[in-house]
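Both of the next two complexes hold chain A, though its partner changes from chain B to chain C.
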Partner chain A sequence: MTSVSGYVGASSSITAEDVPALYEGAKFYSPAVGDSNKTSINSWLAGLLDRNGPVPLLRVESLPPETPCVSVCVIGSGSAMSDLPPAGDEFELAVRQIERLQQITFGAIYPLAAATISALVAVVTAAQLRVPLLDADGMGRAFALIHHTAMHLSGVSPTPLAAVGPTGESVLIEVPAGPRADRMLRANVDTVGGWAALAAYPTTAGVLRRAALPGTMSRIANVGRLLLDRTDPDRLVTRLGAITGCRRLARGRIAELEHLSRPSDVTIPAHPSSLVVDEVGGLGRQLRIELRSEIVAVFADGALIAGAPDLMCLLDVSRGTLATLDSLEPGDLIDVLVTPADAVWYSPAGIEMVGMGSHGIPLVHPRRR
Partner chain B sequence: MKRSSTLPITLGELARIQPLAGAEPHLADPSRPVEQVVLAETFDRLRRCTPHGLVVLHNEAATGGWSLAAALHLAWERNLSAVVVARSVAGGSSVALAERLHMSLIVIDDDPIDVALQLAGQVSAPAAARALRQARLAELLAEQTGIRGVLGVLNRELQQVPVALVVGGVVIAGQSAALTERPQVRLIEVEVQAPGERSAARLIAAVPSTGPASPSVSATASVSLEQVESLLRLARPSLQAAWAQSRLDTATRAAHEQAAFDLLRRLPSAPSPADVEAPPWTSELGWQVGEANRAVWLAPLRPSGEPPPEITYLIRASWQRGHSTWPLVAEGDGWISWHSGADPADVTSLRRALAGFRDSAVAHRLVIGVGRAHAGVAGLMRSVAEARLAAHVAREDGPGAVQWFDQVGANAALAWLPTTEIAQVADLTLEELMAAKDRAALVQTVLAVLDSGGSLSQASQQLGVHRNTVLARLARARQLGLTYDEPGQRLALHVLSYALTALWSNNELT
Partner chain C sequence: MPAQGDDVAQIGVTLRPHRAYAAVVHGATVRAVEPVAPARTDLEGVIAAAVGVALRAAPGGAGAVTVDLAPLLLDTLVRPEAEVPPVAAVRIVPRAATDPALARSPAELVERRIARRWTVSGGHDLLGNELAPLDGEGLALLCEELAGTGIRHVAVVAAGSQARPAHEREVADAVLAAVPGARISVASDYGGQGLVARETTVVLDCALTALTERVLDRCERTLARLPGSLELRVARGDGGYSTPSRIRVTPVVAFGATEALELCGAAHLAGLDDCRVLLTHDGRALAGEVRHGLAAVRPDEPAGIGTELVVPTAVLTPEPPARPGDDVPVIRPREGPSLLACVGAAISRPASWLDEVAFIESGAELDRVRRDAEERATAMVMANGAAPGTTHVAEISTVAVPYSPSGTVRVRVRVAGLPDTSLARR
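Let's look at the complex of A and B:
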């Protein structure tokens, strides 16, 4: 498939030409991630797709319900991954380990999160295993922990899961309660090299029809195409809105970056900090953007106007590109965009798991007031 | 004593006493009442706050970053009076947000729980808190030694209320804004009886009132009126002490005034003297230079160079009794003072002052000259010259004499005659006359005849003696060398006679 400007719709396969768009789209849904791995991962994936041919991208419903499927993602630190790049077989090995354990052969791969580098490694894995990729994922954006998934909310266990590090060592975890898996896994990630290839949530296509979030891979491809098609920020926001439902909360100039070591919630590893933005035009409000591993809340004059699980990202107005959180400087003119997350995250269970409370902000979400 | 108010304490009052006195206040409206203190640990608690409360953030509600912003917003929603928070949580942007929401933010260094407990006590007993504030103010005032210092403390304490110390419409210290007429401002006056003063100074505070507003607002306004008055009363003793102190420090004051007057004297030499305005520092000394300035020159009867400072002190003490704003500047062998008013013809207060000063003038052997009233600084200088001239004329009439320049005319020229030197000339040229025992009568008679243009009858009338006596005396004077009727010598002898008479009459008086 070629990237036709203005194309919006579901894709049926992923080719080498889609890789840059996938990367940009994946970044939109995980604004905290830096660009350190961009070149290597993009060329790796593009090479694979050139050699092995396009990866078919299938809707979950198009597979027989009994087809075994498994999700893959990268767990651990992105900077560790650029220090210790993948040897190339980690994701394949992780999937094979679960196949061995369960005595099955997976018929499809799906990304645990259609965001960050995990979206791309799912394509890598599918290309390596020569199986189709499902146009669905477990998060619809990036969350911090591996049980923050729609599958977990639907009662699908993340285990047995296999994590393979760049050192070739692997960990196999089986737990009865999903949330314990993340804790056990993180204890091992440092040891195996700072990051690991994860294969988790082995299940069937039939379960995924109700448990996964559909259409998320083609969505990031479409979003990525819009972002690559450099245009003026106002038009970009309008176009993004058509695909993702995002809207601009405010445009403003960064006034202050507060790097505070504040008491932080124990469940999510992050250093709380704040970004103060003076709104340009409009009401001239003072925006306060709370940062953890992602943007977790936006306050306007102290009133909460958006918060997790909403996806909030910043658009660098002068460059017309997404601003990653590590590139912000006082004086930058930015658009604060908010995109609603998938509906499952606004359910009581979803809010409890990934809402602002999990980031130590005990306020009622603006959508639930 | 007035019963102290039990109305809710205001934010401004709370911020003046511990524990908030040491805090960093960002008060949007110091006149907001504080009816309750809430120690808020959670946002739930914040949401349940009632209006006009002061909330101290603590624990979960004070984790920093977003939490203070959210708390400020909630406080704004709940119409709270103020938010108190630990310094570790408050950043510059929080202060900016507080200002934007017009919400008072107070940043403390102490433990929030301790602060909340203390504040709760103060809010529940507003009278006690006010007493505490007054005690603190009394301490501050007691530390002040100068009038300006006292006024500085008052103005700092009563931030939005300008206070000035005024004597006879002149601002001695403080903010002159206290006197400007403005709508919706109530003036509060407290008399300050300075030691030895007849006319009292007044402390004036301009308290902004809220005009026709709701009863609750006017109630708060009346509290502050009452309070302002009590604070002004509190300042009174310090002010009196400072006043007395400044009085004692006359040497400095004299030097200060002399220098200032010299400066003032130089002003009229500016290109257009009529436009010269009195510089602001003159009012600092309490001086007034206005529409009609009438100078007074106090001079010793027998000038003997610059008077010693002790004399200046004594003269000042008696001259300024009851007229503390009238300047007294030691100048040459005398002292200058002046009276300023709007009406050039109004001399009642000056006449009263001169009458009151008469005894002192006699005691110190002073004569007094009064100039005419002229406008502006240049006019004042002119009046000073006139007064000086008048004072010379006044010397003829002995100690305590007052001479108004209006009544002097050309005769003033005679006042400038160096009588002593002329008398010495007489000693040399008129030896026989000077040796005579009846010389005084002879000279006086010759003077009288010359003064009346040669008329013997007028002269005899003036002297109160018979015409023949006059004739006899004239004959004897002519014999002794006083040849008054020789045209070539007439002027010289007339002047001589005048000088000798003036000198001897003074000596007799002595």
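Let's look at the complex of A and C:
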């Protein structure tokens, strides 16, 4: 293992004790899927960290620039992964496939997205391979497609990539243009059970210094610690705001869930649906929240007040926890939160790739008015 | 025929490890039952005392006794020395776990009830597409080994069995042939999400069978000795009730009922259908909600278990110090938790819950999927004791499953009804 100094606030590594905070923080940056496999995933990762020791968490700059690095993530559905959990070797096998193809040994792992379960499996993979984890990722939240990354915007190819399913079956993909890779992968992912372990964007630490988003793993750990505190929602939002820039758009009760509410582009997972929320107190507005796999836009009395690439999430006020998109119910009292995404996503290329227009909502982003 | 109508009182009973508590509810009047010595405070004594109170409170005496088994069930699970039958767990997935943590339950309380585990290759995806054929040789070996262990309680869970239970049923049939009289619980009976949560549900189902049978036998013997025609009901985790015969085959459904009953009991005493209830448990301030007279519930991790279940329960959350903008009344009941649970049990209604994944390509198909789910949940609530024509859909939600193929939806339906009083003991 590379012997260099690490960094995550005052800590330089991830231990079993950090796992609950990582889980909660990762959910904040992609509150799509509920907790039906939370204890299992956390137990798996904590067990690995206990057996193999803490995983060093390093700034990209602390590695020699020629160090080979590869990203990992879960591609596909968290619900599918919950019902068909990993055997345990999928992520390691995916990385090994690229190593064999390129005849190299990776010196560090980084998450394709420091969000949702993908953040945790990056730690799993680093622990299994006994290499450091980079405190950086490609999205700073979760986007729907694998080329929706800062690396892609910097010209780094996602391929060669390997995907290993829970069935043990795998695919290796090489394409000349990044966006083709996702389309080729989706059909395979559905075939192997709805999710797969993905290893992609093999590159070097030197390239990642300019192409990846820094500090995103330590950020989810810090956010997760706040969420674990289970304080009252108002104080929680204030605290989250201090480290993420998030703010509350409104508080209200879910009145209605609508499906197929916008024209569907089937190349993006999850069909469009909408949430109608009656604001409680405040201006008494009616909110309309447009959903895909993430929240893509929020309207108040018909006026756009937030939209992708902003990170929008819902806080279940009654329970003091994040409300995931697969478990919403009419009657739930929620806070609608908005957090600015990393700056790269507000560039013209970023907005074009992951902005509201990519979800069929061709409106000017509120931050650009 | 049982006593019915406004002249009849209802009895709620909660069974704690060392004694039972009861309350009699007649209209807006609630009477806590306190057996007077030499009467006993066990199940038999408390029910007998409650029937006596009901006879004095209402001209028609008692109509039904609804029993909350949950505290007894949890106490049995958490005590390692408690007599619980050993359980065999069978997972049907394309391949076995390579990491020990993924091969077992994350909850020690659950894992210690599992005497032996097998993995058989097979399973489907969430939409019912086969991922691997069922491994016939592996199944034959499992049956041979199981027959030699003496284990008679078998929990079976297959990936994707909510959508296509064929592999689970094939394994169950083979196990029953190899071990005649085996008590088998299959995960497809419960729906829900997550292999580990589904496995936990059927393992607890198996582990709780013998105790549930014994307690319900005692309840039925007690009611048979008492005057009148009393109906026995069993409280469910969602705050509704089911028939004893249903709970005998699905005992895990009774797990975690107490919290939901406390919430409903508190709302009833306050005369509210919609409210936020603040409770104190072991010195901790907790909160829950009641909506339209039903406790807000969902599949979650019940207190004391250490992992998730797929049967819904009212999970209480730490009470925040204040919550500006509350749009429902907030109540802090003065009554103790036992009385609240008894009142909640006495006023409970038959209920059912359904949680599954479907695939739609149009609005019309979504309507059909919702109608189908509502009809099946309605059939379930009738089986749980609802009178024909009294059922209604209390909650329904359909959400797109994130990061799944476009058209994949999760459907959850909760149906409640009014009691069918013809179900009482003849």
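Simple rule for what comes next: the second predicted complex is superposed on the first by the 353 of 369 C-alpha atoms of A that agree within 3 Å, B and C clash if a C-alpha of one lies under 4 Å from a C-alpha of the other, contacts with A are read in each partner's own complex, and residues count from 1 in each chain.
The rule is simple: contacts are C-beta pairs under 8 Å (C-beta built on N, C-alpha and C of every residue); 3 or more make two chains touch, one makes a residue touch a chain.
Since this is a predicted model, take the numbers as computed values, not measurements.
Chemist: Clash or fit: chain B and chain C on chain A?
Modeler: fit
Chemist: Touching A:L257 in the superposition: chain B (first), chain C (second), both, neither?
Modeler: Touch partner of A:L257: chain C, not chain B.
Chemist: Between chain B and chain C, whom does A:A150 touch in the aligned arrangement: first, second, both, or neither?
Modeler: The answer is neither, since A:A150 touches no partner chain.
Chemist: Is A:S273 touching anything from chain B or chain C once the two structures are fitted on A? First, second, both or neither.
Modeler: Both partners, chain B and chain C.
Chemist: In this superposition, which partner touches a larger number of chain A residues, chain B or chain C?
Modeler: Touched residues of chain A are more numerous for C.
Chemist: May I ask you to decide whether A:A303 touches chain B, chain C, both, or neither, giving the answer as first, second, both or neither?
Modeler: Only chain B is touched by A:A303; chain C is not.
Chemist: Between chain B (first) and chain C (second), which, if any, makes contact with A:S79: first, second, both or neither?
Modeler: A:S79 contacts chain C only, not chain B.
Chemist: Which partner chains sit in contact with A:D35 here, chain B, chain C, both or neither? Use first/second/both/neither.
Modeler: second
Chemist: Once both complexes sit on top of each other, what is the least C-alpha distance from chain B to chain C, rounded to whole angstrom?
Modeler: The answer for the closest chain B-chain C C-alpha pair is 10 Å.
Chemist: Which chain A residues come up in both lists, the one for chain B and the one for chain C?
Modeler: Shared contact residues on chain A (touching chain B in one complex, chain C in the other): 260, 272-273.
Chemist: Which of the residues in chain A end up touching chain C in this complex?
Modeler: 32-40, 42-44, 46-48, 76-80, 82-89, 144, 166-168, 186, 190, 192-194, 230-234, 251, 253, 257, 259-260, 264, 266, 268-273, 280-282, 291-294, 317-321, 325-331, 333
Chemist: Touching residues of chain C toward chain A in the complex: what are they?
Modeler: 93-102, 106-107, 123, 125-126, 131-132, 159-160, 162, 192-198, 276, 287, 289, 291, 296, 298-301, 306-308, 310, 315, 317-318, 320-325, 327, 357, 360, 362-363, 366, 395, 397-410, 412
Chemist: Can you tell me which positions in chain B touch chain A when the two form their complex?
Modeler: The touching residues are 42-43, 60, 63-67, 69-74, 76, 91-93, 96-97, 100-101.
Chemist: Can you name the residues of chain A that touch chain B in the complex?
Modeler: Counting only chain A, the residues touching chain B are 255-256, 258, 260, 262-263, 272-274, 276, 285-286, 288, 290, 297, 299, 301-304, 360-363.
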